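One chain, chain A, appears in both complexes that follow, with chain B as partner in the first and chain C in the second.
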Partner chain A sequence: MLGLNKKDTSLFLLVLALVVFAPLLLNPFPEGSELAQFNAGYPDLMQRFLIFGIFAVGFNILFGLTGYLSFGHAAFLGVGSYAGVWMMKLLTMNVIPAIFMSVVFAGLFSLLVGYISLRRSGIYFSILTLAFAQMSFSLAYSVLTPITNGETGLQLALNDPRVLGVSQVDGSIPAANFFGIAMRDSFELSMGGWLFTFNAGYYLCAVVMMVAFYVAIRIFRSPFGMMLRAVKSNQQRMNFTGLNSKPYTLAAFVISGMYAGLAGGLMVAMDPLAGAERMQWTASGEVVLMTILGGAGTLIGPVLGAGFIKYCENIFSKINDNILYDWFAGLPEGLADFLVFVIHPFIGKGWHLTLGIMFMLIVIFLPGGIMEGFERIGRLFKRKPSSGESVSAKTSTTPAE
Partner chain B sequence: MTLIRKPFSRRSILRAGAAGGIGLAAPTIFTSNAWSAGYLNEPTGSTVTLGFNVPQTGPYADEGADELRAYQLAVEHLNGGGDGGMLTTFSSKALKGNGILGKKVEFVTGDTQTKSDAARASAKSMIEKDGAIMITGGSSSGVAVAVQALCQEAGVIFMAGLTHSNDTTGKDRKANGFRHFFNSYMSGAALAPVLKNAYGSDRKAYHLTADYNWGYTTEQAVKESTEAMGWETVETVKTPLAATDFSAYITPVLQSDADVLVLNHYGGNMVNSLTNAVQFGLRDKVVNGKNFEIIVPLYSRLMAKGAGANVKGIFGSTNWHWSLTDEGSQAFVRSFGQKYGFPPSQAAHTTYVQALLYADACERAGTFNPCGVVEALEGFEFDGLGNGKTLYRAEDHQCFKDVLVVKGKENPTSEFDLLEIVEVTPAEQVTYAPDHPQFAGGALGTCNPGA
Partner chain C sequence: MEILKVEGVNKSFGGLRALNNVNFKVEEGTVHAIIGPNGAGKSTFLNCMIGRLVPDTGTVMFGDVSLTGMKPHQINQVGVSRVFQTPEIFGDLTLLENVMIPTLAKRDGEFALHAFVRVDQDTEVRDKALHMLEDVGLVEKREMVANSLSRGDKRRLELAMCLSQDPKLLLLDEPTAGMSRADTNNTIDLLKRIGDRGITKVVIEHDMHVVFSLAQKVTVLAQGAIIAEGKPEDIKGDPRVQEAYLGGAHL
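After this line comes the complex of A and B, so read on.
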């Protein structure tokens, strides 16, 4: 279907189904129950899953295929965000021009950065991109304050021109919309104890994400993708055969930069604000974590990694001691105190610690990321040709590299 | 096999489950934000949820932790627990200690990480997932401005925590946002007369300013008020926010003919820059026949603690200090001290007061509807919350109250007793017109109930 082979088609359909039914799947616990804390089916977080999914998929085109580890991808996301907010300030609250210009500006900026950084490879390339990103962050934070509004972040104002739209509606800023459908509009479906929210913005993200994912699959399976894999396995040998690999790496760099810009544009379409922290090196590091956590070089891995990290960030950071005491209300006081004391470092402000431990466990035991975990589970259920082989498969779980 | 006949078999449970599922699914209620008549997150049960969005990680985590303590104390008092704290001294008697409008107060917490993006994500999840009717907190102006704009868009009330930049109630003011804390302009206006008395009207000032929004407005405010009384500004230099070593910025100060150094720094920045300045012997210098002086426009106890002995004799301003002797402050210090074992910081004070003011406004308005709350808070005059007579001005949603000018104590008696109050600048002296040039360019817009 759509020029995909059978395996990719089923993967694509699986992702499509997950994305379409996410509002149902992510809210498995009824409202008001103790476990409702772990529900992730509210619009903001679901949008973030998809947006960071796009970001990570794009990053994976560069890192997963060519092996070039960019530590500055957040800069492209930031440039895209600023371009998007400016379109909303100057042109219209329709999200299409904002998203489009985000991609264009991020693409141009990544062309510039890529052209310079790709003169080097390996660690030097990483450091160069890191330097560029950090430079963009510092510029956005202070020197470029007239354009970026510095630390406060660029946001909409009542007196923005918006030449194709209106500056304000009854004293408030008009909502970001897609030809009249406001991004924050949602319709709620209440079924028994469950409450599901279907948000317009989320489904716009979903459409964009599916397109982005489809393009990524096509790139992975194309001769161009093969060329990028060749760069990863041995760029020198490739150069010696007389092939100029630089146009390929630059193209991959710009494409992944445009993906980052697309993510930035969607971010402002959902929430019209662009802050400089989006470009900080920690943000760049985050997408690296997402990709590695999910499984670098796999198609769907980075999306899972992005979801995992955003879930930790948004759910674990909101559990506080009071909620813990609620959970353990049935236990004797001393035991409850003890349990709270033990769990306390891992929740609330300690969510970084939880994430760090998870990351370590996954990298140590599943070097291929979450995807490797799935593969192993899959292997358990596959029909084995003989009992002897399954033993050898079990013993060779440690990777050669 | 079984002696007792089982009332349910697996099959009958399945059948019942399927029937029940269809039954549950049938009375499906479709609602949309656009169709509901009331306002966003209208509390329908016996509880009301407030969202406390504070920095739990990052450079202002100390302030955030203290804010959270204050919020928990406020919730306890609102629900009728504890000794009532400032509820007993508050001039408005609408709150009865039975929650807000008879609904028990519950809260959710989040981590802003002192980043606008993270703060907005956290606030959004409180609004969308937990049904918070009000968001409060923040320990940095960038975050406060960002979250305030979000609350305006979403349609809930935002009660700002520690945010000192002029912009929060200046060019970025919003109808749904309110600030109790004072601002850069007030710091400048309160400090200037005290500085004139202490150091004379013929001084040359050198500014080191943190390179971000709050730094700019503070620099501008202090510069304008000191120049108005005859001081000269020799130079203003911006320092990166992430800087930890300021020696490179202090050396040029030594070479200039300035005799006053103004450090427009906050938190860790201020601790480091002040320490560097003292190490370079600035305070022992005599320039133009006068002793060299250092000024820190915004002081906090937590910062004074970090800078240690270096703060002795250095002037600055603060919103509130636990050593104040009025009834309200004492009641608050007492209940905070009893619960946590140490006195509250100014961040704790402002957030506690904001929580109370919000609850009181709901009670007086008789509704949680943001528009009703805005109406109740606009132009509201109150007393007994530690700052004397205070006005929530309708034009920009900024509180006008006395400002404290403080000085690092020469002989501190404990690790909390680091600042002494030099003067309480009356509110009239720090009041400005809503369209003052330092605040111009913003508009409140109209209140948004989110539906």
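After this line comes the complex of A and C, so read on.
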């Protein structure tokens, strides 16, 4: 289907089904129950799953295929966000021009950064990209204030021109919309104790994400994708084989930069503001974590990694000591105090500690990320393949170095 | 007609004169061997030919094209392929992919943004790659990862990769180094077979058995300079060669 082979088609359909039914699947616990805080089926979080999924899928085209580790991809996301907000300020509140120009500007910026950074490889490349991103971050706070609005962040205003739309509706800023469908519009479905929210913005993200995912599959299976894997495997042999590795790596860099811009544009479409903190190195590091956690070089791994990290961020950071005391209410007071004391550093603001430990465990025991975990589980249920077959297993899950 | 003409090539590393005014011609369609003791400058010479090193002075002409100053991928695109001393292959990729990449490079040039074509549906390239693997006897292992091959098989794979590009000139850097006698003989047979296609070959080799079973012409390099050149049987008896290369021992 759609020019994909059987395996990829079923993968695509699986992801499609997960994305379409996510508002149901991510709300397994009835409203008001003890466990309802573990529900992830609210629009804001689900949108972030998809947006960061796109970001990670794009990053994986560069890192997973060519092995070039960029530490500055958040800069492209930031540039995309600013471009998106400016489109909404100048043109219209329709999200299409905003998303489109986010991709274009991020693509142009990544062309510049990539052209310079790709003169070096390995750690020097990583440092160059990091330097560019931090430079963009600092500039956004200082000299570029007229464009970025500095520390306040770029926001919409009542007197923005919006030449293709209207400046204001009844004295307030019009809502971001897709040809009249407001992004924040939701349809709520109440069934028994359960409450499911189907949000327009989420489904726009879903469509964009599925297109982005489809393009990524096509790139992975194309001659171009094979050349990118050749870059990672042996760049020297590639050059002596008559291939110029530079344009290949630059193309991969720009494509992944455009994915980052797309993610930035979607963020703006969901919530029309942009701040410089989106470009900070921690944000760049986050997408690296997502990709490695999920499985660099695999198709769906980065999406899972993005979902995993965003889920932890939202859920673990919401648990506080009071909730813990509720859980341990049945235990003797001293024991409950002790348990809360032990768990306290890992929750609330300390969720990074939990994430860090999980990341270390996965990298040490499953270098191929979550996808390697799935593969190992899958192998348990299959008959042991003969030794010849096991060596021939495709290398799509090679761990990142 | 000569396909490769090297004139007045010098190359120094610091105070070491690795190549000293080397003049060298290869006739089209022949197998030309370069022999010489360790450190004679054989590999440096080869590296100067394919653009891995830039000679200090002198020219390397391939037909009418000057190779001096060209980038490695450009030199390959005009028809020069090289088999390395230690096999240079795409270790994480399958054998089939290993051979498809050079085949694509030959067909589509140094860069092609074919991001929306299915590589597994490119039957032309796939068939050619399979044919090449069959030629070197690796077709059964086509879905294996290249790193899992034995050293001898890696060499054969690299040879298949180079041959898939139908090069005009094939440079082989010690194609039988570290091989058993049986493997060496297999490689000689293989190289003889591909000789039928009229590919000109320059072979660097230590093993005299290989040199004398393949080459029509032999050049002897010692301390960066050519000390003798001629037919294998003439070289065998040349006292200068025995002195420099074999320490006076008889072949």
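The rule we apply is simple: the second predicted complex is superposed on the first by the 383 of 401 C-alpha atoms of A that agree within 3 Å, B and C clash if a C-alpha of one lies under 4 Å from a C-alpha of the other, contacts with A are read in each partner's own complex, and residues count from 1 in each chain.
The definition used in the following text is that contacts are C-beta pairs under 8 Å (C-beta built on N, C-alpha and C of every residue); 3 or more make two chains touch, one makes a residue touch a chain.
Since we're looking at a predicted model, the values are computed, not measured.
Enquirer: Could you look at A:Lys349 and tell me whether it touches chain B, chain C, both or neither (first, second, both, neither)?
Expert: In the superposition, A:Lys349 touches chain B alone.
Enquirer: Looking at A:Pro30, would you say it contacts chain B, chain C, both, or neither? Reply first, second, both or neither.
Expert: After superposing on A, A:Pro30 lies clear of both chain B and chain C.
Enquirer: Touch check for A:Gly165: first (chain B), second (chain C), both, or neither?
Expert: In the superposition, A:Gly165 contacts neither chain B nor chain C.
Enquirer: For A:Gly285, using the defined touch cut-off, is the partner it touches chain B, chain C, both, or neither? Pick first, second, both or neither.
Expert: Touch status of A:Gly285: no partner.
Enquirer: Identify the partner contact of A:Ser222: answer first if only chain B is touched, second if only chain C is, both if each is, neither if none is.
Expert: Second partner only.
Enquirer: A:Gly373 in the overlay: touching chain B, chain C, both, or neither? Say first, second, both or neither.
Expert: The answer is neither, since A:Gly373 touches no partner chain.
Enquirer: Hey, what residues of chain A end up touching chain B and chain C alike?
Expert: none
Enquirer: Quick one: which bits of chain A touch chain B in the complex? Just the residue numbers, please.
Expert: Residues 39, 42-45, 48, 138, 141-142, 145, 149-153, 155-159, 168, 170-173, 175, 184-192, 197, 271-273, 275, 277-278, 313-314, 317-318, 320, 322, 348-349, 351-352 of chain A touch chain B in their complex.
Enquirer: Which residues of chain A touch chain C in their complex?
Expert: Touching chain C from chain A are residues 3, 5, 218-219, 221-227, 229-230, 232-234, 236-245, 247-248, 251, 391-395, 398.
Enquirer: Taking the touch rule as given, give the residues of chain C at its contact with chain A in the complex, in rising order.
Expert: These residues of chain C touch chain A: 50, 71-73, 76-77, 81-82, 84, 88-94, 97, 100-102, 104-106, 108-120, 122, 143-145, 148, 161, 165.
Enquirer: Which of the residues in chain B end up touching chain A in this complex?
Expert: For chain B paired with chain A, touching residues are 24-25, 28-34, 56-57, 61, 107-111, 115-118, 120-122, 124-125, 128-129, 140-142, 145-146, 149-150, 152-154, 165, 167, 172, 175, 211-214, 216, 238, 240-241, 442-446, 448.
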